[in-house]
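For reference, the structures are reproduced in the following blocks.
Okay, so chain A shows up in both of these, paired with chain B first and chain C after.
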Partner chain A sequence: MFTAQNISPELTVEESSSDIWIPSPYVVADKHVENDDLVTFVYEPASEDILDPMQPGQFNMLYAFGIGEIPISVSSLISDHPRITHTIQNVGAVSKACCNMRVGDQIGLRGPFGTPWPVEDAKFKDVIIMAGGVGFAPLRPVVEFIEEYRDDYGEVNFLFGTRDPHSILFHQDVISLQSDPSVNFQITVDHSFSNWRGNVGVVTTLVEKAEFDPENTVAFVCGPEIMMRYGAYSLIDAGVDEENIFISMERNMKCAIGHCGHCQYGPLFVCKDGPVFLYPAIKNYLNIREL
Partner chain B sequence: MSKSEVHKYRVSTEDLQQIFKALSSKDYQNIGPIQRDGAIMLEKIQSFDQLAAGFHEDLDKGVYRLSQKNDGSLFQYTVGPQSFKKYLYPPRRKLWAATKTGNGFNVEEGDQPPAKMAFWGIRSCEIRAIEILDRIFLRGEFSNKWYEKARQDLFIVAAGCTKPSGNCFCTSTQTGPAPKGGFDLSVVEVIDKKNYFILEIGSEKGQKLVNKIKLQPASPAEIQNADKLLAASEKKMSKRFDPEEAAKILMENPDHIHWNEVAKRCLSCANCTLVCPTCFCSSTEDITEITGDHTERWLRWDSCFNGDFSYIHGGQIRPTTKSRYRQWLTHKMSGWYDQFDSSGCVGCGRCITWCPVGIDLTEELLAMKS
Partner chain C sequence: MKDIQELLNQQSFFKDMSPEMLNQIAGCGENQEFSPGEYLGKEGEPAHHFYIIRSGKVSVQINHPSKGAMTIWTLTPGEYGGFSWIIPPYRMQFDLKAQEHTSVVALDGKCLKKICDEDHHIGYIFMQQAAAIMVKRLHDTRIQLLDVYSTKH
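This part shows the complex of A and B:
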């Protein structure tokens, strides 16, 4: 890990404009390379222009100078506000520019946007967190929240599916979750290596290892669309009420405020009606190709 | 204003010229129909004489023909390719710029909203279209400040539509042809030995503007002439569909076999979305100097028919024409109700006129129904 030193870039926003398009200047305070293509950043404000506190599941638009903007979910809320943590996968021009940033570099942030995971409403219930690959990142604040208020929840299960042992995200979290007696943590990989002694297969196979009272269980699901679809099926098969299943969607976004039209999903805007949806609100759309 | 209080006046072309001048003197930029490139275009105009006079349109599926008569008429065309949307929500605008400073960058202001604007000859369908844009840009949690400013300062001189084309269907969408509210002034043009207009005042702003102009109250016969023209206009529109029924059919039939049929004809060219007065999709563009020190962020119109519109890492969500046409029509006619509590279609027919292969959405809706 790196630490920020002497952060004092010259910054002046010419006008304290309320224009939603103008990003707030933040700087990289900390950078942690997770694996081949994922990097976690902690940003802190570079001016008095500070974003509102975020809730688990919400996202910001991240602007890299001269390259563009992308929507990224908050991946930890442990850093005290106004610090903001994002985990970025290097998959395109903007995400690459963001991943290449170093401590002290400036980024632009707009947000927070979107609907949160309803962690408060899940209190006094059993919880299933089902994550696929980088889908762990938007769910990480949920894990943090539950750990902080652990006594307020029933059984807590974390079912994590990932591509292969090398792609395991948040390695330190995984190690501590594995030794945490208060969480039933299960992990599986799609493809194993010879030294892997754990589960092999898709994440839905872990549902039978979860401990929960189906009638009093809330599930939070995030991962590739196909994984979320079958994840929801497997939870419903196990008796979980579909009204208690939440899913986080991803679409192209330019504005994040319902004005640009890019993130439309049926009659919904993923940016403002989501990204976290109640499963029944979108279950019919999940089956329609190229929606 | 209640119905009984509505006063109508008989005004001449010269009177309209006075109104035009009054708007100019109150710092309004007049914008109205002119003839350019063989089409009726909406441009900023400095003098009343610039308005397209004597022009008539002949519209059909994928057909636009302009002809000129020596009748001195001002509003006898139907609707050109452009809508007034482009002045409230420009095709391109600079959101902001930034200059590099060491590790960081300074943000500078982008384009500022225009000065006061007056729209001339706007049809009822398009007034309703502006009200739809209001729902998108002003009524949500976030407001488009640029649009808000342009909209606040807007003066609307409407023209009752007495020349609907074969592509029009505002009687089905209940958005015309007579302007019902939403204007400051409205005229119905009566072609006679000497053309005249029946003027209606729709707002206090409109009243104030014409206060100093001597207006002659219209006679009952003159008012009746104008009403007859509008009634005849309604009868001329033969296309019929039920918007609420269409909304239901579309939402229930994402896998209808007819989508494949439309996709065989649709070129995914995006014309329909560019001429539509309510299509609002946009994209951002970053333009950086070769030195890498200065950059600009631009907002520009985008279309759900464009290839990269739905791109996320890994590919396009909608790679096929079928899925793009389905998205466009289902959104416009159905999803729009869920999003903005109204249809996204005002029946202006531009998407039919300017479709290079003449796809008529009302026909596609009928085909989906059967």
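This part shows the complex of A and C:
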């Protein structure tokens, strides 16, 4: 059984070094446009100031100099440390500045922060990875980890829902997963085009197509909050113990160490106590308006 | 008919029905095959059948004047299509189009309705199951309409 304690690194201001506030200079080593508003970057250190290795689910604060900072989850751990991969959605001033960067441009990084997906604890269990839209990005390192240690896991199901065929990201991963017999990969879109031959419908319907023993299953869910709420319901309805469901929350994180309060979520701080939470720890807050 | 009854017995839709009930319903059924691109039914046509998808994939489509056929839902093995035979005006509301080679059990709507009218217990079970599926689809459609993945709010 999982507990909030064994997934939380319990980072405190006192324990963190003073330079946790100071961004480390990195440069864009590679850039890949995923779709109209999503870009994946590989960064490498511009100095000897190197961030610690990241775990799946953790995030860094990305600083577009002179504009601002945004929290972005690691979207791949294949690039060898100290390289870091992030996928950024262009939704605001800072993310727009980040997305517009070119190879060689400099960016500031602080981190890694937050709780990771408990991929080690999920070994020898069946796994359901449920991703909605850009929620694929924080879960991508989970897929990579499981594929690397595939024999240590039972049935692996990856259920991916997205807006429409144009908004599918990580095309190479999707193609690879579709042909991987060791992963039950299911994809669906909410809105289709006439040439789309795949599933149409919400991602929660894919739970019926998953292969798993409900009593020995761990689920990792990431996507828009509404999708995660109904995703959790559908998993529970299918027999998955809510104590084995993890969801990754997104909030307006500023300091990233539970100091400023911007990302307070009930009694929790998403940056420090999350972003990966055990579902029962936050389920009562998911329906509270404007929290 | 035994084959059809066995197939029905494997479906969750009929889990609350006795063997005698299933035997009656199986009498309304036949196996049908559809090639890719073939229609199981078209919007506006009289609703003749209730389909149980055995293999393949069926698109539930609406024809858009400028965008062409828009798939709004897909039906895969173990799912059900064609509920219009049960509700007036007994007219297909959408196109049902086989996306790939598809096998179904097709239950004749008039035959089913006669059984349901004569034995309200069967009718009740049928409506209970149909309502559960239709409510779930309505709910899922509402979530689709929310467009939760859009960044343009």
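What we mean here is this: the second predicted complex is superposed on the first by the 273 of 291 C-alpha atoms of A that agree within 3 Å, B and C clash if a C-alpha of one lies under 4 Å from a C-alpha of the other, contacts with A are read in each partner's own complex, and residues count from 1 in each chain.
Going forward, a contact is a pair of C-beta atoms (placed from the backbone, for glycine too) under 8 Å apart; a residue touches a chain by one contact, two chains touch by 3 or more.
From a predicted model like this one, the values you see are computed outputs, not experimental measurements.
**Q** Look at A:123 in the shared chain and tell me whether it touches chain B only, chain C only, both, or neither; answer first, second, both or neither.
**A** Once the two structures are laid over each other on A, A:123 reaches no partner at all.
**Q** With both complexes superposed on chain A, which partner does A:227 reach: first (chain B), second (chain C), both or neither?
**A** Only chain C; A:227 stays clear of chain B.
**Q** Using the superposition on chain A described above, determine whether A:283 touches chain B (first), chain C (second), both, or neither.
**A** Neither: A:283 stays clear of chain B and chain C.
**Q** Taking the superposition on A as described, I'd like to know which of chain B and chain C A:91 touches: first, second, both or neither.
**A** Touch status of A:91: both partners.
**Q** When both complexes are superposed, which of chain B and chain C contacts more residues belonging to chain A?
**A** Counting residues of chain A touched by each partner, the higher count goes to B.
**Q** Would you sort A:257 into first (chain B), second (chain C), both or neither based on which partner it touches?
**A** After superposing on A, A:257 lies in contact with chain B but is clear of chain C.
**Q** Contact-wise, after the overlay, does A:190 reach chain B, chain C, both or neither (first, second, both, neither)?
**A** second
**Q** Residue overlap on chain A between the chain B contact set and the chain C contact set?
**A** Overlap of chain B and chain C footprints on chain A: residues 89, 91.
**Q** Quick check: in the complex, which residue numbers of chain C touch chain A?
**A** 59-60, 67-74, 76, 78, 99, 140, 143-144, 146-151
**Q** Please name which positions on chain A make contact with chain B in the complex.
**A** Those residues of chain A that touch chain B are 9-15, 17-23, 25, 27, 46, 65-69, 89, 91-92, 95, 104-106, 108, 250-252, 254-255, 257-262, 264, 266-269, 272, 288-291.
**Q** Mind listing the chain A positions that touch chain C in their complex?
**A** Residue positions touching the partner: 37, 89, 91, 132-134, 161-163, 167, 188, 190-194, 196-202, 204-205, 208-209, 223-224, 226-227, 230.
**Q** Where on chain B is chain A touching in the complex?
**A** So the residues of chain B in touch with chain A come to 95-96, 98, 100-110, 136-137, 140-142, 144-145, 251, 254-255, 280-284, 286, 288, 292, 295, 297, 299, 302, 304, 309-314, 317-320, 322-323, 327, 331, 334-339.
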